[in-house]
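Shared chain: chain A. Partners: chain B in the first complex, chain C in the second.
This part shows the complex of A and B:
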């Protein structure tokens, strides 16, 4: 069990207490550094390709075909999983699940650590999760697990992720896949 | 909103749990003739709930959610009480208001939806307990009736403040004793269905939830009338089996007994409401 850290029960991201803030537009966050997007994407791909049980957690914004962009993103997430040899575990909604979740096949933002623990996931990508629930889940994962978290956010990013890629849309996702393919070749995977 | 938000991208069909796929493939979205008869065959909008075993309120919720004619475009506003424990589990848009202001919140939502989506039918339904509807929220409830807001108000009357330990409410029957009302209630039960009529509701019904089909008909009538004419009110008896000392399997019998007395089926409608109901019957929707 985790011990209560300095941020206690604060509603704010834990990283904020360590002076880690979201990156400005055009940049990305790598642990606690603001770096160029390409560098962060390269590190993200490396983490996914080298750590055990890499997993992508797609959220409702890409899981459901509610607009054309979502349909396009779904294809890209699938391709991303292929390139990174990653498993896909969906975060299909945010309702607290009773009596309990099945951590082998689903992840819930209210206790994402259960899925991480169960599958021994050491690197993951959040994509298409609405920001407020991504914040909750990433905060819990940061506090309770040793999983390397990567947030692909369509908006301003998430401090609590180890790598934050902000303003990620179809074009940026394609760019990430290209970089991941390069890194994969370099690593000889 | 559209029921397309439940359409899963085909890339993910293999990783989605069956219960979520069922929301797309075995659901009743987009079918205004959906009803309680679909319950055994279709995906429900509520499955697991966090109410007590055998709670009649859970039955009421199941029947109501199965009866909504337009669930993909329905917003439910609820209030503090046992019902608020359930709403996180249902596959619909819900808004949890402060204790008692649910009809004010619903009025705002309805007006904004009418302005934002003038070409779409959006139903706003208030689901609240007797404390929220008649005691703490009496002002907001009545004012929404006076203003002729086009919303449906459903009151789950369990005749007591149940989840706070058993205090008497305005809808408690005179003489009833509860844990926190040891002397028994001194005053009569508020006849809120009558007040709703006097306050301008166009369709009012009082019943228990012992008959699923009857609940379905009443809910559909109330929603169709609210959509076109004005406020409607449904008063449902959903006894708290714990607070009145019954077992889990006694809820249905309790309601059947009350069907013959103070919750005998009662229905009121204005001529405008009757016209809507007749038309919907002709269209085969009732």
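This part shows the complex of A and C:
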């Protein structure tokens, strides 16, 4: 929880006000350090393989077949879940829902903490979520839960996640799966 | 022998698409003599703009009218007149939510009439551009520069850039689209100039050729889905969180607002690159008397530096190119060693002085002096600035005001 600086006015920590910015192209963000992508991928796989109830939250950009890349990515998300022994809970749209969503089967960017609390998720991957909604959700998760967040972003990344992988497309996702398989073997999982 | 084939892409007007770097920094430029309003037209002409909406009521400038001419000539995709300034800014939002690169202009009271839209623009993460020709919002009305309205806009969640002259304005409009449309930024940009001085007067300006243009906007990189049949416009506006007074609505609202402000912070590295820094320094770098200013106040402060040199007084100017994001670190570095910081402004409230004090609090021992301040209906002669300095130093005021 932020206690200093402008973000202290909010119950939500805001990474940029703590001088954490997105990594440059070709690099990744690990907590507040800029590191090589492989290092961050390895740490992400380790978090998913060692923390309770790991879950992948796929968003509309990979849930719906709106282009060929989305179809490919969707298959890779499923493969990733198998390798990481993770559940898949979709963020299928962004509408606020009242009184609340069903946290057992979906996650919503406006109250993502409900899903994480309900399923006792301690590590998660955001993939295919539009950047604004990922950022809104990640700030809330960081403040309200002890879940380790990993953002797999097709654009510039999400500094509010604990691990940010940027420019993630089919090739990078395949690379991550390969690294995850290696880590899994090393951990004897 | 290997043959390299380069794909050449053209926009709707038949202009060749070039990279932002080429258009802004590398393309050959030729000298022209034109008003600030005409500079707006020339920038829009090279910006592959999809849509523009105008409301021609005030004598703010002819910029919106000139964008209409571009539509006739085929450079702008859609152009129409709004029902009011509020209507214009709402319609601008609609165009942008549908995935169009969009620009409009306004000024003075029209800005206030449209005001509700500006935080809405930021909250909906649309990268629209507003060219604001600041000219005062009070009665009696004025078309002379007065930038009080910029003080009102500071916390709307929009980026605010401030051009000193027509050249700055031309370059900022093009750079504005490039920075605002970055996927991790994607908030509106308000490019401000002082009305009348810049909008209505002619000056020399260097322009790249008009047969090249920015790459078109790609809405599929937007941080929110664009509207279509399945994603109704502003669904989150229709089901507003504020209507539900519970913890969930609070969580979203707080995080959402911080996200918009985070987006402005993320614009810093892009703005630094495309504006060639967030500040510009002028004068003797060893001087302990510093003017911190933006817009034409910075231009006049530069003249004051020259006049003060005649008086044997060393001084310098720190021109702020961006107000949101505020160039905090750059300003702290630039005023190191300063004893006196003057903040000349075109308004009576001193919003820039407040900003300077806020960000330098605890970092500078310099005395901050919010003077001179002039308002609509009056220019800011360099001699007025000089007089403030001479009054401070106890020197005789020789220059006739």
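Rule of thumb we're sticking to: the second predicted complex is superposed on the first by the 177 of 189 C-alpha atoms of A that agree within 3 Å, B and C clash if a C-alpha of one lies under 4 Å from a C-alpha of the other, contacts with A are read in each partner's own complex, and residues count from 1 in each chain.
In this text, a contact is a pair of C-beta atoms (placed from the backbone, for glycine too) under 8 Å apart; a residue touches a chain by one contact, two chains touch by 3 or more.
Owing to the predicted nature of the structure, the values given are computational and were not obtained by experimental measurement.
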First (chain B), second (chain C), both or neither: which does A:111 touch? second
Which superposed partner A:88 touches (first chain B, second chain C, both, neither): first
Please work out whether A:70 is in contact with chain B alone, chain C alone, both, or neither, and reply first, second, both or neither. first
Is A:155 touching the first partner chain B, the second partner chain C, both, or neither of them? second
Can A:102 be said to touch chain B (first), chain C (second), both, or neither? first
Once the structures are superposed on A, label A:181 by its partner contacts, choosing first (chain B), second (chain C), both or neither. neither
Is A:58 touching anything from chain B or chain C once the two structures are fitted on A? First, second, both or neither. first
Looking at A:78, would you say it contacts chain B, chain C, both, or neither? Reply first, second, both or neither. first
Considering only touches as defined above, state whether A:172 meets chain B (first), chain C (second), both or neither. neither
Just which bits of chain A does chain B share with chain C as contact spots? 60, 95-96, 98
How about chain A: which of its residues touch chain C in the complex? 6-7, 10-12, 14-17, 21-22, 60, 94-96, 98, 100, 109-111, 113-114, 130-133, 135-137, 139-140, 144, 155-157, 159-160
Hey, which residues of chain A end up touching chain B in the complex? 58, 60, 62-66, 70-71, 74-75, 77-78, 88-90, 92-93, 95-96, 98-99, 102, 105-106
How about chain B: which of its residues touch chain A in the complex? 2, 4-12, 15-17, 20, 48, 50, 88-89, 91
Given the complex, residues on chain C that touch chain A span 125, 182-184, 186, 221-225, 235-236, 239, 241, 244, 248-249, 251-252, 254-259, 261-262, 265-266, 269
